[in-house]
Structure formats: structure tokens, C-alpha cells
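My questions all concern the structure below.
Should a chain be cited, it is by its letter among A, B, C and D, assigned in written order, with residues numbered from 1 in that chain.
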Amino acid sequence: MATAVLLLSCPDRRGIVAAVANFLLGHGGNVLHADQHVDTVDGVFFQRVEFDLDGFGLDRWDIEDAFREAVAKPFQMDLAIRFSEDRPAMAVLASRQPHCLADLAVRWSAGELPADLRVVISNHPDHRELCEGLKVPYIHLPVGSEPGGKIHQEAQVLAALADHGVELVVLARYMQILSPAFIAAHPNRVINIHHSFLPAFVGANPYRQAHDRGVKLIGATAHYATDDLDEGPIIDQETTRVTHRDDVARLTRAGRDLETTVLARAVRAHLEHRILVYGHKTVVF
Amino acid sequence: MATAVLLLSCPDRRGIVAAVANFLLGHGGNVLHADQHVDTVDGVFFQRVEFDLDGFGLDRWDIEDAFREAVAKPFQMDLAIRFSEDRPAMAVLASRQPHCLADLAVRWSAGELPADLRVVISNHPDHRELCEGLKVPYIHLPVGSEPGGKIHQEAQVLAALADHGVELVVLARYMQILSPAFIAAHPNRVINIHHSFLPAFVGANPYRQAHDRGVKLIGATAHYATDDLDEGPIIDQETTRVTHRDDVARLTRAGRDLETTVLARAVRAHLEHRILVYGHKTVVF
Amino acid sequence: MATAVLLLSCPDRRGIVAAVANFLLGHGGNVLHADQHVDTVDGVFFQRVEFDLDGFGLDRWDIEDAFREAVAKPFQMDLAIRFSEDRPAMAVLASRQPHCLADLAVRWSAGELPADLRVVISNHPDHRELCEGLKVPYIHLPVGSEPGGKIHQEAQVLAALADHGVELVVLARYMQILSPAFIAAHPNRVINIHHSFLPAFVGANPYRQAHDRGVKLIGATAHYATDDLDEGPIIDQETTRVTHRDDVARLTRAGRDLETTVLARAVRAHLEHRILVYGHKTVVF
Amino acid sequence: MATAVLLLSCPDRRGIVAAVANFLLGHGGNVLHADQHVDTVDGVFFQRVEFDLDGFGLDRWDIEDAFREAVAKPFQMDLAIRFSEDRPAMAVLASRQPHCLADLAVRWSAGELPADLRVVISNHPDHRELCEGLKVPYIHLPVGSEPGGKIHQEAQVLAALADHGVELVVLARYMQILSPAFIAAHPNRVINIHHSFLPAFVGANPYRQAHDRGVKLIGATAHYATDDLDEGPIIDQETTRVTHRDDVARLTRAGRDLETTVLARAVRAHLEHRILVYGHKTVVF
């Protein structure tokens, strides 16, 4: 079924829901899902509405203009409109560890992710056969040890992303720091997995930090990447129990399953157009 | 803030959301929460809408009639309307085990449950001091061993519930079987906690059954009581991990915390008017 | 580090722990992990002891005889001894759905599973490229529609398992029923994943059954396969929350992640020699 | 059944398990539970052994000396010995919020906590009737607003604890800061509940901090109180999922259930003599 999704936010006031509903009804729209939220502290209204395109009275290319004129402008809305038939072009960036990359690639291959996985890029050569077995192009872009090697490699990554028309970049335990320019070029379009329950254990070696502190749970956090490392809007988090028996190696192993699960959920929420970013927070419908 | 909640269901068709929204907007209503669901298999639409009564253009006593005329009738809706200021009259029935009863009484006493806890009834004398310490009337109605003792006691329970004008009955590990007549007199108004993950381990001694089967999780299920024992509409469920180390006594102890948590969540969902019963299932918004 | 694992059970009586400890100490053994359990109802003692082979005073091939003579016989023990350097030969059997197979293959490829994945066998051709990308031999054995087709295919599977010297068979959503003879030939060496929280929803279409009952959690169960379908000793189970919004398709999708996780945990526990089967139950250390 | 528990730690070397087992066997001891752990990084061995006192060859008052001479001294052990019949004298300190206090008092009253709950102390008068309904003495010690009011009140608390011979102090959302002298007087005998997943959100208003950061899980942490606020050895932690719908008030409500559960588990582990403190970490058997 071909559907459209409206993602909108605006200052909260009376009549928003009625205006959206009347617009859709006026064009013969059949609402499949609707979800809304009001941040009563800041007075902001959020809504996600998914409706059937079959039998809708407007051509899909005319919907945005018509909706802007009739509803979005009067209510001063931020608006995005997505179509289920548009599968975002996605790239996965990975380093040596395969678990998140392999999980995403397998899910994609099995049809679980409504995306077009255009390319996998890694600074390591290791994952080529896995990717090619799943029919995903693999680009190996090593980081040279010469001065400027990192900068040069990032430029190559950016070029490869542009070549493949990538809209969503997933950092699947990619261990290279991205420059502010890279991030700025992809606002809310780079999803990272951090291997701790943020804001605990920011920075390097979170499993070692967790072990040193003697925690009884470890966690993982998927978030949009921003300039401020590990401070981006959180999309999803999960924890799992650990005990004194778990040394750093076992924490790392247990953490891999968490990272995989949380990153996959976050990517799916993004691809299903269920996320609205709001300040440094998210609304995930 | 005084609010009203509309709980409605009807055959799914276009225009329902717009009709509800327009009705509320037409009377100056401010929607605080709205949640909806469509069962696409059976073609049924469900909605819960909570709106502010302050500034609403209709007197609260007139809302139902006006909504029925304007919206519910044309869409053939099942409708219930609730007001946040109406705190349902509640009774808790318990037997010897105190954990669910004590938890509910303490939550109620701390203001967590929007109800009027009118009375606690038990076939055991044990919980009087706890209840009276929390200022809840306690009625001890033992089950006599004479012929008809059970029937006589149930009649006394029914009379006590009627005396106290009880609308919601919570079975907090109450170990007496209720007659079909009792259940029929309180449709979707008796909440029971079963100490297993239904439909596994129906009937007696679920922790022993779980131990005998060697499961690695145990569970608890809150449901509306119906004639069919343990077959009522499920409101909430939860599980917790167990191991070979857990004998029946330890399963029972671990299960107590589950039962307490799940029953409290179910009672709160009911009291917040977030449950719609649909066949032998629930929609919990 | 090369280690040995003793897995033992016997009638409970005084002195077992001392006897085991003294045997190991007498040969200069360094105990790395020890875990024990007493079933007080049936009076059975269980123990798992892992010790360092470096510096141990007996050649590894002599340990079993010496331990039997000194400890196992006097205490009437059931005994198994495993060596960390022996990586069990494993086969994965799959049908059309790839998630469990892909997860196991990727984990194995990343070094997470201490096994020798000899072969993947499927009645579908679909997973060849994935497996070959991970350098795992793939055998496609379709089930013919002619009379006796199923029996013939199972014989081919058995022959392939024998050819590859397989010790552990993992049914990764393999949808063909195995014959009692197949099961009898691999006692406690066939691990199956059932897509429900057993004993709820045995048999076919558990997600549809779960949806029809209106449960608020779904589950998955890994167990050793026995003649009695879905009645084998449970190794691990897990559940996840669902709501009225989850139709059968969404339950199935959410369930896939559960199945994957639970099966991987069970396989790892088996490969790490942490499972003792006891009647139709397991002790998982 | 009367039992004894040995809690011991020492530098790891060969022969510890055999020495402990032989000591117990030599006196006719029947081991009920034994659990051990080796921290391989620091080279420390930990063990908890519970054995039946019935039929044991030593009078309970002689066990410690005999064990020290035969085992603890040669292995340079830290040793504690506990008897199931000794129920630690416990006090609960609370402020205005009742949930943790009520939960502990109800559990104690139901026989779930192997302790002697001697007294509840609060700087608020509110919980008297609840406590007295459960037959627990209640002491109201308000904090005066005069200079030195806090110091004076703490001195009163200390005197009350001494009067009642209290060994274990549970801070059940007690909002007064304890002085270093108070903490020093009760090493590893003050259990606190912090309403966040430590080390995230130390200090005041963790639910507000969590809301501001936009986390998707909240947590609670039970730990031994030390001079360093929120830095004490962690005993137990738990998290629960939250969403954008949860404002600070709803986070606080959801957190109450977490706090209650985690604190009760930690107190039970302490009372069952299952905790060994090790640096600023715990081993919880």
C-alpha cells in the first residue's frame, strides 16, 4: 500500500488536529495511523499522520504545497512529508568490529529495513566478503598515517557518499571521529551508536569505565551525531544486567548484542519517519 | 485541571477523527491527549481523547448528549465519557497473602491512584491493622465450613460492595472463586491478577507448574474477570528471569513482586480510563 | 589458555565438593570457575568446574579415567569432560527465514561461538551467497513432492551431518519436522528455537495464536529437541512487550529479534559446556 | 533450618576451595550453597558458603576460631561468619515520600526480610500511622531551622540508632545529607537509594536532569553510602523505558516503582549475607 507520512510541529493552540483532519478528509484521505504529543512546558505540538495515497484526491507531488497553504502556514508549522515508496539511500560506515554492520546488512537483505542500502564504507578491508555475499557494494578507505591522512580519508568518504546519493549515514561502530563540517553537512542524518547508557561513560572505553565503576547494568545509546560528541539527540537506549563475574571482555561481548539491537531499532524508526528532532531531544512516535 | 475523557469505538470509515476534532473545536475544546487505533482486520476504530473542561463551551452534564447527537450516532459509536474529578469507588478483595493488597493501599494512600478506596474485604482477619493504619475500612467476611458457606459469604461480599457503592473490584490474590452471577453483575469491572504468564499455567499452583516444566521465566497477568476462568481480556503482563536455583518457594517470592507491579499498572490504566475492551481483548492507550 | 570442564551430577551427600577439590589440588590444578547446585527435592547434586590445563599433573587423555576412579565411581556420578581446545562440529539447519541462520553465521565468523561451523543445510536455496560470503559450506536439500519425499530428504540431511562429523545440530527456524529416529540419534544435541513462550502456544502459528489471545508480551524459547514436540528441556527464554497496535505481521517481526537472541544464547551456553540436562529440565551454569 | 554463612576473600592461589571444603567435611558439615569468584585482574578470590548447623561437629560459637586457625590464617583471608538465626537489627530512615519506606515495612511485616526492623525514623510526621499499623516504632525527628539544627537532628538520629542497637541503616529516600562522621560510624552498613542510573545524573533532581537530556530510559541505584556522595559501592541497579510523553512528574512516578524494587533487592541481598564489598565495588552472590 502506498502511503504518505506528515511529520509536523508547531506552537500549540486549539484547532490543529481539526485542521489536519479536515484537510485530509476534504481530499478523501484515509488516515491509517495518527499520533500526537504536546510538550506542555514549551507549548509545542507534534504530530505524525500516515494516510493512504490510493484514492487520495491530490497527486502526491501536489500534497505538500496544498497542505502548506491550507494548514502549515496558518499554524506556523515545521513540516516534512515522506512517501512509503521513497526508500532513503543509506550508507553504513564501519571499522573493524562487524556486529552492527552485519546485523544491519542482514536485516536490509531480508527486507526488514525500508531503505536502499547503497554502500558500506570501512577503514578496514575485513567485511568485503560479507557485504558482497549480501550484494552490497563495499568501499575500503583506509586512514593513511601521513600528515593529513585523516582529513584526506574523510574527504574520500564524503565523495563516496555524494557519489551514491546517500541521505542517511549510519555509524555502525565506526571509530573515526567525524569533522564538524561532515556533521553540519548531514543534520539529523547521521545516526551513531555509543556503547554506554548516555550520559554515563561518555568518551573512550565505556566498558572499561563501567567495569571500573562496578555498575550492575551496561547500556547502549543510539543518537543523531552532532558537533558535541555524545551529546546528540537520543533516539533509543537499552540496558542489560551484568555482575561481578563480567570482566571487560565479557562486558564488551554482552554490549555487542545491545549495540546491535538499539542501533537497528533507531535506524528503523528513522526510516519509518517516526522521529521528530526537537532541540537536542527526539519525539519518537 | 478538570478534564473529560472520551472513549469510543466504531466501524472504521473516513471522517471519524475530523468529526471528533470538529465537535471539540466547535465548543472551544483544548485537546490534551489523543490516541487512536484501527484494527484493520476487523475494521474497527478506537479512540481516546482527553480535553480540558475549563473554557469548554458545554456544561459537563450536557457533553454526552451533544456528542451522541453530533458524532456518536452518525458513526454508530460505542461511547463512554469520564471526568477526572469523578474518582471511581473501589474495593480490594484479598485472602491471606498481603502483598498486592498492601501495595494498592499504600499507593492509594500516597495519592497515586485516582480512586476512592471505599473498603477492603477479606476472608482472613490478618490485614485489619495495616488497612486501618492507612485509614481504609476493613471488613472480615470468613467463609463458613457449613453447607452453603461459600454462597453465603459471597452474598455478604456483594452486599458490602453495594453498601459502599463500589464500581471497581480488584481481586488482590483473592483465592475464592466468584460465581458467574457475581461476574455478570460487574462486567469489565472486576480486575484479577493471575500468577502466571497466561495462557501458560492456567488454574491452580502456577508456580509449581512452572517449576515442573523447567521454565526460565515466570510471569504474571492482570485481566478482567469473566465466566471463563483465566480467559478474560488481558490488561497487562510481565515476566522475570528465573534459574534452576529457584525452587517453588523462591519462584513464589519472585512472583510476588511481579504480581504487585502488574496489578498496580492494570488498576491505574483502568482508573485513568485508558482501557477499551474489545471482544476478549483490550486496547490500552 | 587451555582449560578442561567437568560436568557432573550425582546423588547429593556430604563430601562431594571436597572430593572434587582434593582431586584437582592433588594434581596441581588451578580452578578457574566452579558452580554447583543441589536439587533438594530430588536430592541431586550438580557441578561444573573449569580448571587450567597448564601445569596440571595429568595428561589430558588420562584425566577422565583418573577422575572416574578416584571420584566419579565412589559418588556414582554422571560425568562429562570437555576441553576448551575441542571446538564442537556444528551444523545449522534453516528454511526460508534467514534471521537466526544469519545471526549465528555472523557470530561464528566474528569468533563469538567456540565451534567449528561445518555446514549449513537448508530446504531452500536462498542463503547460499550469505553463507559463502562467510566461508561456510551450504547444502541445498529440497523436499521433493513425490511420495516419501520428506523421508528421503531427512536421510540426505542425516548423511550430510555424518559426512561432516557434526556433533551439534541447530534448528534455526527449520520448518521440517524431524523424525523420532533423527532425534534419538542426537540426544541433547539438537537445539531448536520455538517462537513462543513455552508452554504457551505450542504448535503452529504461535504469533497468530498470541494475537488471537490478546497477550501483552510475546516470547521465544530455545530447547533441546525431543520426540515430544515443544516439550524438550528448556535452555533459555525471553519475552518482549507488545500492544494492541501489533498485528500478526508486527508480532512476527518483533519476534524475530527475540528468536535470534535466545537461540544464540542457548547455542553459546551449550558450546561453553554450561548445560546439564536433568529429566526434562536443564541446569544452565 | 539453622545455617551458617562464611563470607571470605583472599589472594587467589591453589587449594582454597579444597581447604574450605575439607574443614567443613571434617566437622560433618553439609554444604547447602557455595558460590565463588576470582578477580583475575587483581588476583583476589571470593567465596560464600552456606552450611547446615544441624549435625555440625562444632558449637556455633567455636566455628569462627576454628576456621580462622585452620583456613583463614594460612590463606590470609578476610572473613565474616553469619548465622541465619541472627536477624540484623535494622532501621529505616525516610523523609516525606512514603513509597520505599512503606514497601520495606510491608515486606518486613509479611516475613520477606530476615531482619529485626527496630525503628523507623523520619524528619516528617506523616508515616506514623502506617508504621504503627504494621507495629513498627516510629520516631519523628524534625530538622530545626535554628543554627545547628541539622547537626542537632543528626545527633538525635545517631542516639536513636544506638538506643535500638541498629546494625543496618536503610535510607529510604531520606533527603537529609549524612555527615562523614555518621557514615564512618557505619561502614558498609548504610544502604542508600539514588533515583538515577549512576554514574549518570549524580546530585539533585535526577529526574529533571534526565528529562532535560531526553533519555529513553530512567534508572535507580542502590549503593552503600560513603563520604563521596553517590560514589559508594553499587549493590543493584535497574532501568525502565520512558518516552517523550513522560514529563518530570511522570518520570518521578515511574521512578518510584524502580526505587522501591531496587532498594528492596539490595536490602534483601545484604540481609541474606550475599554481598562482599571490595574496594568501591561489590560482589553480590
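As a working rule, contacts are C-beta pairs under 8 Å (C-beta built on N, C-alpha and C of every residue); 3 or more make two chains touch, one makes a residue touch a chain.
Given the structure is predicted, the values throughout are model-derived calculations rather than measurements.
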item: Pair sharing more residue contacts (C-beta pairs) when C-D is set against B-D; value: B-D
item: Interface composition of copies chain A and chain B: same or different, split at half; value: same
item: Reference chain B; chain at largest CA-centroid distance; value: C
item: Separation of mean Cα positions, chain D and chain B [Å, integer]; value: 35
item: Multi-partner residues of chain C (each touching 2 or more other chains); value: none
item: Residue ranges of chain C in contact with chain D within the complex; value: 14-15, 17-18, 21-22, 24-25, 28-36, 38
item: Chain B partner contacts - residues on chain C that touch it in the complex; value: 37, 39-41, 46, 197-201, 213-217, 219, 233-239, 243-245, 247, 280-284
item: Chain D-facing residues of chain B, complex; value: 97-99, 102-103, 106-107, 109-110, 112, 129-135, 253, 256-257, 261, 264
